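This is the structure, below, for whatever I ask next.
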Amino acid sequence: MIRAAVVGAAGYIGGELLRLLVGHPQVEIVAAVSRTLRGRPVDSIHPNLRGRTRLTFSSYDQLGHPDVLFLATPHRETMQRMPAYLDSARVVIDLSGDFRLHDTDVYEDYYGTPHEAPGLIGSFVPGIPEFHRDRLRAADRISVPGCMATAGLLSLVPLARAGLVRGDITVDARTGSSGSGAKAGSENLHAERSGALRVFAPTRHRHEAEIAQATGHTIHMTATGIEAVRGVQLLSRASLADGVDERAIRSTYRSWYGDEPFVRVVAARRGMHRFPDAKILSGSNYCDVGFALDRGASTVTVIAALDNLVKGGAGNAVQCMNVRFGEPEERGLEFTGLHPN
Amino acid sequence: MIRAAVVGAAGYIGGELLRLLVGHPQVEIVAAVSRTLRGRPVDSIHPNLRGRTRLTFSSYDQLGHPDVLFLATPHRETMQRMPAYLDSARVVIDLSGDFRLHDTDVYEDYYGTPHEAPGLIGSFVPGIPEFHRDRLRAADRISVPGCMATAGLLSLVPLARAGLVRGDITVDARTGSSGSGAKAGSENLHAERSGALRVFAPTRHRHEAEIAQATGHTIHMTATGIEAVRGVQLLSRASLADGVDERAIRSTYRSWYGDEPFVRVVAARRGMHRFPDAKILSGSNYCDVGFALDRGASTVTVIAALDNLVKGGAGNAVQCMNVRFGEPEERGLEFTGLHPN
Amino acid sequence: MIRAAVVGAAGYIGGELLRLLVGHPQVEIVAAVSRTLRGRPVDSIHPNLRGRTRLTFSSYDQLGHPDVLFLATPHRETMQRMPAYLDSARVVIDLSGDFRLHDTDVYEDYYGTPHEAPGLIGSFVPGIPEFHRDRLRAADRISVPGCMATAGLLSLVPLARAGLVRGDITVDARTGSSGSGAKAGSENLHAERSGALRVFAPTRHRHEAEIAQATGHTIHMTATGIEAVRGVQLLSRASLADGVDERAIRSTYRSWYGDEPFVRVVAARRGMHRFPDAKILSGSNYCDVGFALDRGASTVTVIAALDNLVKGGAGNAVQCMNVRFGEPEERGLEFTGLHPN
Amino acid sequence: MIRAAVVGAAGYIGGELLRLLVGHPQVEIVAAVSRTLRGRPVDSIHPNLRGRTRLTFSSYDQLGHPDVLFLATPHRETMQRMPAYLDSARVVIDLSGDFRLHDTDVYEDYYGTPHEAPGLIGSFVPGIPEFHRDRLRAADRISVPGCMATAGLLSLVPLARAGLVRGDITVDARTGSSGSGAKAGSENLHAERSGALRVFAPTRHRHEAEIAQATGHTIHMTATGIEAVRGVQLLSRASLADGVDERAIRSTYRSWYGDEPFVRVVAARRGMHRFPDAKILSGSNYCDVGFALDRGASTVTVIAALDNLVKGGAGNAVQCMNVRFGEPEERGLEFTGLHPN
């Protein structure tokens, strides 16, 4: 059994980690740390776990020495505590933003605060099995990308690496309200957020930097809050290199993802399910990727969708754990998603 | 011109009062009082008013002496400040719960605190033009009923007064999230509230007492938060007195509401719009009332719907103001509502 | 392996059966019958199954002789074809309304058409493991109750059997749009149905008859379409027998459901998750049951929630299959549901 | 009084025209033409009009000779009947797509059918008072732009005409379900459309051609169906010409729209209402326009929002009628929109 602990267990990502770990046959949860809820039953905050666990929240000092430690904690606080976390657990899987960017200047630029543990950045392996599976098998420090970044990386990196696109890439990201976390703020009130089309980051969203770092292209990304609790969809546009046609793109995606358990290429000729839609992905670990060429094949529109709390966070982290601990990669992540939903 | 002021102007009911008063050709808004936002433009909080008003929020001491003062303030605080409000304005229209119940024991029972201005209760006229129009023409103190209570009163009082129903009445009330107000609380976060079917008051909701007081029947009311920002729908059930048939109910409603501008009897034989639905009432001052008899005519199911912020609050208050100041009753309340919406 | 077939596989209940059966380790799907879609891939209609199955729809004549046949077909058509179905499969699990009611007069009364296979009704065992587990172990003909009926049966039968309630019971049922099925009708258009509070059955809903049959009480049920795709919530009210208190109700539910894998008693003192809410049940096979007593303990309000396509249909049917074929009862039904969602 | 008629009165745009015309003090509706509903009350299809009109639907032959004829009819059918329409009414305001594009090759390219009345195209004045007010005062033939096109034109034309942007413009358009009209189709079922992020036109949406025609720039537009009944939001990106800064853009918009009653420039420094959001525009005739510069001012992100049935259709058409008939331009269009909503 893998002895797992979660810090930040009362939040939405933390709760999703607990949901997946409770259902994982090879995992024992040894601690669900919450700063404020010590002693309270986990299912009083995450009611979907009723009848599935008798776990209660614990405090930092009860963390002990788990085999794997998942960090669902705010940026800055995470890098400050990281040395202690590294001492306590053999494997640390970080879902914060602190160890995703390799360049500390870029970090400071996007996060507005200097990096406080620059020496540790290089020791983290990016938590993307589709790109770094071999390194993850032996990684003791894993940094899971952001929810929108994951959709951007999985949909754009293959095209960039293959040289199929050129120049700047524009990214329109749409995200549900769970991405804002469980903290109450008037802008997240149902009456304000319901039905909103809120452009909360017209430029300079932090996940933009992750996509730029991985693709090597300049990214112009916007982020809009849409009416959904879960779900991220990215719609990206890029100019095609000379002579690139639909077949070239399709075969590139196939060569990258043909054997991947959690990336599906979705680009049908017709029907209402032609392209990736987060609507059918809630709870699943899939990232669906699709594309369409403009007539004349001068530009490609790339569409990617995922559940921000699963493949965009907790699910991706559990997939990394499976790789690291030699478990079947799909274990605990079998849920298909619902239709209709 | 009627010089109007609103206290509690930053809240949802307050904002709706401002929306209606800004559009009222015979009203001048002399003060929009907010405890915390003095000096800030009203449209920074109520963005729908952009381009419609240059009004800024003011503090209590800037209240002055308006012709009419609307109170969109919390219960308890309202009765404590009422003597001062009564000094400042000729006509006070209170939208809080403090002066709706005549019996101070019932008040204490439902609000959990003793009434602090019992001597004033009797001087308030209930803000329901359909029932108290003549008294309202001369009323200087008006107490507007609660949003769910308004739907209950308009749909059940005619049947109760006419003796068409007997015994206890069950009321299943559904309400949107704006009824919880603009205060941030984790239970009102979009991620928690979206799509919820939350039975937040299985018994003893405060509006139950208002319906019981007006009908003279014992009311068993539940309140459920449903997926909507605006909108209240009440589904009530009562036993019919002997010999009461559909015609008797229809003619009773017609005799009460045939000439009313804002109550529509909606009980069609078929179609998707057979019964009242808050979906098409957002922004309008209508309360739609419908009903259906069980086969055998032993019980009647009564359905009522309204916009909790309009006929359930601000709109009803403006209607009362129109009556009191001799304005055409529909003035400033002409919006029909939208379909589809 | 259990060789399973589904008729009506293109509908929402049919698709949910396929989702659960595809994920069931002991089931092989031998046919997914659709009148109109023969030869088309199942995942072109049910996109959540992409990458999970290569199954294509087949026609009736390709049904063969499965071990278990699930019928997700319309009433009337189902009883007409039933003799043929019974010949083709060892075990038939019917999700239509045709074999739920024992009294053919009641059937004709609620369905508006005479029963065409009265001789077969008695041979069907109700598909409710919580009530009929022993009979289901040997049952070759199983009739799964309606979605709202399931919530009503599981929440009310224990109280009725124990004599804790008396007299008529009122039931307010709320249901999502997937209950209307995949057939296009203008009343189910998104623009018409979104945000609706549509009382589509003020009286005489068909599921009322199932609840009356099982409880022995007169049921006054209303059905309202609310804003949700999945989810049913029933709010029922009954008078308590003399001397019945909260403990008596709680212990009754505990004795019935304490060991049940898919019924949870949810009745917390406080918090936003006090009572059953379908919001967190999408995709799960749970039926959550809760209750609250009016002060004075004269009446009880019972709340039940489930996913209409899972415990209210396909999941319940799979649970019956597990019982019938000696599989662990939770197999293939492990999904916990999501929070937030 | 202006004697007005509507053809296509049973649809969503037609219903919105009726809502606005019923509330217009200087308009008399002389005919509401529906191919299929002759004789039925208008409020049986548009329930928001209950108590506001006794109008019934009529047939083509009852059209008579209105002062103004609004056409809310499908493309192709509209151009085929146009000669007859022009004979029947003094002023024709067309809301179809048939007379928006000046180049018949472009029309055929985007609509997939040759234009059947090319000789009439030049006689139509574009129905955009902000750009063509003077011509509209005397126009007898007016062609109202598409809903998404209107948002694109109002937000991009000023920047294009002033030479502030250069090169291709990308447009990410999001639209609610009412844009699909009242026709039932399985892709518009609530269960399928609810919560969808459906990229239904990754390239080549028809409104793209209108924006290209008016701006002179190559437009790369995508269209995504989002969870809303009403509402369009466009998020466009363009490269800035050398030396263009925020002030230049702001002053350009101000010079175009400073005196316009229905275009508001919304670009706040902070807060949840920084940028245009259709959420607060339902029922209003506003088009809100905002923008943000990328750091370094190399590109501008332009955001525009409106209600597709009002400023994106019926409201814009009524505004054109007011201009044409010398009415105050805001008459009948005073509704501010709701917050929260």
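Read from first to last, the chains carry the letters A, B, C and D; within each, the first residue is number 1.
By our rule, contacts are C-beta pairs under 8 Å (C-beta built on N, C-alpha and C of every residue); 3 or more make two chains touch, one makes a residue touch a chain.
It should be emphasised that the depicted structure is a prediction, and the values quoted were computed from it without experimental measurement.
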The chain pair with the larger count of contacting C-beta pairs, comparing B-D against C-D, is B-D
Taking shared numbers over all numbers used, above half giving same and below half different, the chain B and chain C interface sides are same
Note, CA centroid farthest from chain C's centroid sits on chain D
Cα centre of chain C to Cα centre of chain D, whole Å, reads 45
Whole-angstrom distance, CA centroid of chain B to CA centroid of chain C, is 38
In whole angstrom, the CA-centroid distance of chain B from chain D equals 35
Note: chain D residues in touch with at least two other chains are 12, 178, 186, 191-192, 194-195, 229, 340-341
Within the complex, chain D is touched by chain A residues 170, 172, 174, 186-187, 191-192, 194-200, 202-204, 220, 222, 224, 226-228, 231, 233, 235, 237, 272, 274-275, 277-279, 290, 292-295, 299, 301, 303, 305, 340-341
Within their complex, chain D touches chain B through residues 12, 15, 19, 22-23, 44, 46-52, 178, 229-230, 264, 266, 268, 271, 273, 280, 282-284, 286, 288, 334-341
The answer for chain B against chain A in the complex is residues 12, 176-178, 180, 182, 184-186, 188-195, 229
